[in-house]
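This report concerns only the one structure given below.
We just call them A, B and C in the order they show up, numbering each chain from 1.
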Amino acid sequence: MRKLSRSVFFIVLLLLSIAPAMAQDTVNLVWYVGLGTGGAPEQREVQEQVVADWNAANPDIQVEIVIVDNAVAVETLATLIATGEAPDIVGPVGNAGSAAFAGNFLDIEPHLETLGYDAYAEFPAEAVDFYRTSEGLIGLPLANFPAFLFYRPGLFDEAGLDYPPSAYGDPYMLEGEEVEWNIDTMSTVAQILTVDENGFDATEDEFDASGIIQWGFVNQWAGAGAMRQNATLHGAGSLIDADGNAQFPDNWRDAFQWFHDAQWSGYFMPNAAQEGSDLLAAGNPFASGNVAMAQSHLWYTCCLEDTEWDAAALPSYNGEITARLHADTFRILNSTENPEAAVEFLTFLVGEASLDLLSVYGGMPARPDDQQAFFDGLDERYTQGVNWDVVRDSLNYPDVPSHEEPLPNNNKANDRLDSFLSLLRSEESVDVQAEIDLLIADLQAIYDE
Amino acid sequence: MASASATPQQQRPIPSFYQRDMRQFALYALVTLFTSMILVAFLTPFAYMFLTSFKTKDQIVDSATGSILPVTNATVTYEGEELPLLIVDMPDGTQQELALLNGRRRDSTFVDPNNLDAEPIEWEGRWRTLKPVTVPEWHPENYAEAWDIANFPRLMFNTVAIAFVGLIGTLISCVMVAYAFARFPIPGKSLIFLVLISTIILPRQVMLVPLFAFFSFIGWTGTWLPLIVPHFFANAYNVFLLRQYFLQLPKDLDEAAMMDGANPVQILLYVIVPQSWPVIISVALFHLVFAWNDYFEPLIYTLGNPNIQPIAVGIQQFNFRYSQQPQLIQATALLGMLVPVILFFLAQRFFMRGVVITGVEK
Amino acid sequence: MQQAIPPPTEGTQRTKTKTKGSNDLIKQQRMWGWFFLSPWIIGFLAFTIVPMIASLVFSFMEFNLARPDEIQWIGLDNYRNLFNDPLFGVSLAVTFRFAIISLPIGMILPIAIAALMNSEYLIGKRFFRTLFYMPYIVPIVSAVYIWQGMLGTETGWLNRVLEWWFGVEGPRWLDSTTWIYPALVIMGLWGIGNAYLITLASMQGVPTQLYEAAKVDGATALRRFYSITLPMISPVVFFNLILSVIGLLRYFEVPFILKSGTGQPGQSTLFYNIHFYKTTFVFLDMGYGSTLAWVLFAITMVLTILLFATARYWVYYASEENVF
């Protein structure tokens, strides 16, 4: 028996060591895109151009880009790693995407030294140290993506409503009265902005909930793998307690109750069927023009084709504001056969190529000197004059602990979170609190596995 | 019933369409009409696919409440702005086509498209209840876009290559094995045949994990080999179909050839195969359609290598990425089914006969 | 149809070859037989038997490709884990829930369509016959995307028809944990081509004398269908039943493509094979995945044997030439 398991082990070792054949004189690298942003059609061209530029300038290090859809990116990479066909460099990827592969990343510090690259001269020290983990330095800062409130002024005009506050801490004028810009206020405003095909809004008696054609609010692209993004308006939280057991913070219980009610009794948030419908651009609701407000990250500027929107402050919960934060970069897998070349390409991506990439990724540059140029670039695309100050201010309210914090048995745990979210989005008659209790029990089993 | 029909049938007198009996006629009309209605319902999704593939995204959104045809909402240019043209119910009971200048919840401002210089018209009511003025507008360029972005030439090439190499393997191996079962005295033949047939009910999941591990061990994942090589080792359906046919062939010719000193390979090639073209064509068509439509194994074996993916996987990957472009999805769906469906219409006799033999004989 | 081909039996063949001559010839013929059989035998060993044994071995091991350093022999732990894995029960329940809705429809509809096609009052039989079969040829990926549009809540045609003609607000076909099953059944309708065609062929093989005799006795059309057609086509119905049950136990591609393999909404499309796929190819747990595969194999075997055991009570064989 032992002999057998040993031989299987040996087979697997061999299997893992198989690497793509490569030519003698040129180094071939594979850059794997899809774990975070980067998979959208609009972003492919720029990424491919960046690779073409690099390949032209570096005949001895040829890079091939593989772009995989975000929905299957984690499992595809897991399979590639397991079958020994792992790429060399992955990204852009945030904490959520990389949590699945903890332990697989290369410590780039020694290779940076060989190259004579001083990370601290390029970036603020805390931004560099953010990527220092037990595995060593596993990335260089690239971009920050704070969340903020996207809204469509035209739809507010049509409803005769004031725009949401343009700065954190400002009040809101609702029906002539000054009120705090909190989740309750936003919910009321969102209901007025939710309209059926006869033009009645969700606060009116004649409102027909089966014929909604415009919605007040949406958590943009917070579906698969991003269940916790739907909770952070109600403050940060963690699903692991100090002992590593499953828990569910009370403010998140509120958050998901609100989330469910917003869809099934307030009607101002689209449910899964509505969000997937053509009316809401089959899953890209805010871009359809039929949603008045959306919570999303700066990366969403990648893919908004129109200019009928502006940025505003997120609402508070119990007087506290939370603007969840994404920070993305590229990472190198420690299975790479050419760490030196990979690190060199990495420094190119976060250096020379970064502004081109960030303009399509929609990421605020980690290099402070680049930030103005970045927003200037965005202003060229979004000529309406977006309120970028409120975007910058959002950085002051990050969610700690992060909603992207890795969980024990991360992939399975996230899979379970997804099915919880999907249930809330698909069924009206769900006891949210009971489902949360079920979720905790299942998570505990998954953590313990 | 056409005499060329593939399935042998009992000859029954063909009833004259013009029978005097009105009851008969009513029965003909009723049954045919009823069947036609079911057929229309059955095939309507194709119409949905076809029409949707010619729309823009906005037209699809509008079709949620408006026409199912590719139509677009008419607009009027007023002071440099495009205003939507709506059919407005006027206070005097008439309907008028007016352009919406300023939409509000309970009242709105319109301008008259025929008299843009006149005073804007104030109107009481909810503008969202008004129907838009529409004009037909088809977008065949969706197909060019889908063709280019999904890289159809590449997908087609991959699919055809996988299908045809596999086809050669299937034909050679299945003809050989069926010949063995039909003509040779192998000990325990009926038991072996039973084992062959019962592989049909084996869930392939049982074999999948080790095969996947093995193929990745020998470096075949990310290549076409796992999709092609197994076809060189025969499969139950085709062997069954071929065997049934071979059994029907008279043995006299084989025996005559044997007398002339032909060996079994020569008999197979020069006696059996030339008599069996119909069934061989059936098997070939089944394989081509199977290879064209196969999804699961190409998915797991070509993962992470988009350059070698066949059409079914390619379309699905494309649609992951363009899930927000339903018109492109429907265009790819149509492009993807074109080849098998055309093959089917060209050779439906062979298809249906093959199905009938495998089904009824069991 | 069954009469068209003389049933092959070992006996006739053996006597024929024997009359030909010596033992040498038989030996030679046997050698040729094995030679022609060899592709299948090699393939059967390499792609069926050996992998099956290997997966049985895996099912007793901790074998996760993502944790290659932990591979070890763990005996029955994977089988015990079936009871701790909440998704095992969920996925079995999902599969059987769907089967209960889908199986009757998948059995009755092909017979109904075949009966229509076989009606003497249908004009243009060949036209109808071809077009009812045609969707079977459409690649599953295309079919799923077409139906996904058709069944859309807002812009799908089915709900639009329901609203226009009946004034009913259509359900959220694809985004409700209950309506997803009828939706999947509707999508499955395009797959009836094979079943209906062989049913039709079998109906056409029923000797007309039987009907004529019954007519003389004054049996109604319904009675004739029930008492003559159904028993006469029962072997084909049985064949369809076996294939349907096996198909349901393997059901994977439609929900996988439709929901990107997530098993959503909720866990309502977490079919057994999607759970297997996720375990094996997403979480890379080859050991437990093999256990799931073997459990599926066992279920398939048990059901098939049960079905064959019941067959003698309701399947009518005209002659003794049972195929197997």
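Methods note: a residue touches a chain if its C-beta (ideal position, glycine included) is under 8 Å from a C-beta of that chain, and two chains touch if they have at least 3 such contacts.
Only a predicted model underlies this, so the values are computations on that prediction, with no experimental measurement involved.
If the chains shown are joined wherever they touch, the resulting network links each chain directly to all the rest. The most centrally placed chain, judged by C-alpha centroids, is B.
Rounded to whole angstrom, the centroid-to-centroid distance between subunit A and subunit C, based on C-alpha atoms, equals 41 Å. Subunit A and subunit B have Cα centroids separated by 36 Å.
The distance from the centre of subunit B to the centre of subunit C, each centre being the mean of the chain's C-alpha atoms, comes to 19 Å.
Counting partners per residue, subunit C has 154-155, 260, 281 as the residues that reach two or more other chains. Counting partner chains per residue, subunit A shows two or more touched chains at residues 71-72, 79, 82-83, 277-279.
Contact with two or more other chains is made by residues 60-61, 63-64, 213, 320, 326 of subunit B. Looking at the complex, you find that subunit C touches subunit A at residues 57, 61, 63, 65-66, 68, 71-73, 84, 86, 152-155, 169, 172, 174-177, 260-268, 270, 278, 281-284.
Residues of subunit A touching subunit C in their complex: 1-2, 4-5, 8-9, 12-13, 16, 71-72, 74-75, 78-79, 81-83, 210, 224, 271-274, 276-279, 411-412, 415, 418-419, 422-423, 425-427, 442, 445. Of all the residues in subunit C, the ones that touch subunit B in their complex are 1-2, 4-6, 8, 10, 13-14, 16-17, 26, 29-30, 32-40, 42-44, 46-48, 50-52, 54-55, 58, 113, 116-117, 119-126, 128-135, 137-143, 145-147, 149-150, 154-155, 157, 160, 189-190, 193-194, 197-198, 200-202, 204-205, 207-208, 235-236, 239, 242, 246, 249-250, 252-253, 256-257, 260, 273, 276, 280-281, 286, 289-290, 292-294, 296-297, 300, 304, 323-324. Subunit B meets subunit C in the complex at residues 1-2, 5, 7-10, 12, 15, 17, 24, 27-28, 30-32, 34-36, 38-39, 42-46, 48-49, 52, 60-61, 63-64, 68, 172-173, 176-177, 179-187, 189-190, 192, 194-197, 199-214, 230, 232-234, 239, 244, 247-248, 251, 264, 268, 289, 292-293, 295-296, 300, 311-313, 315-316, 319-320, 326, 329-330, 332-334, 336-337, 340-341, 343-345, 348, 351-352, 355-356, 358-362.
Residues 57, 60-61, 63-65, 103-105, 126-129, 149, 213, 216-217, 219, 221-222, 303-304, 306, 317, 320-326 of subunit B are the ones that touch subunit A when the two sit in their complex.
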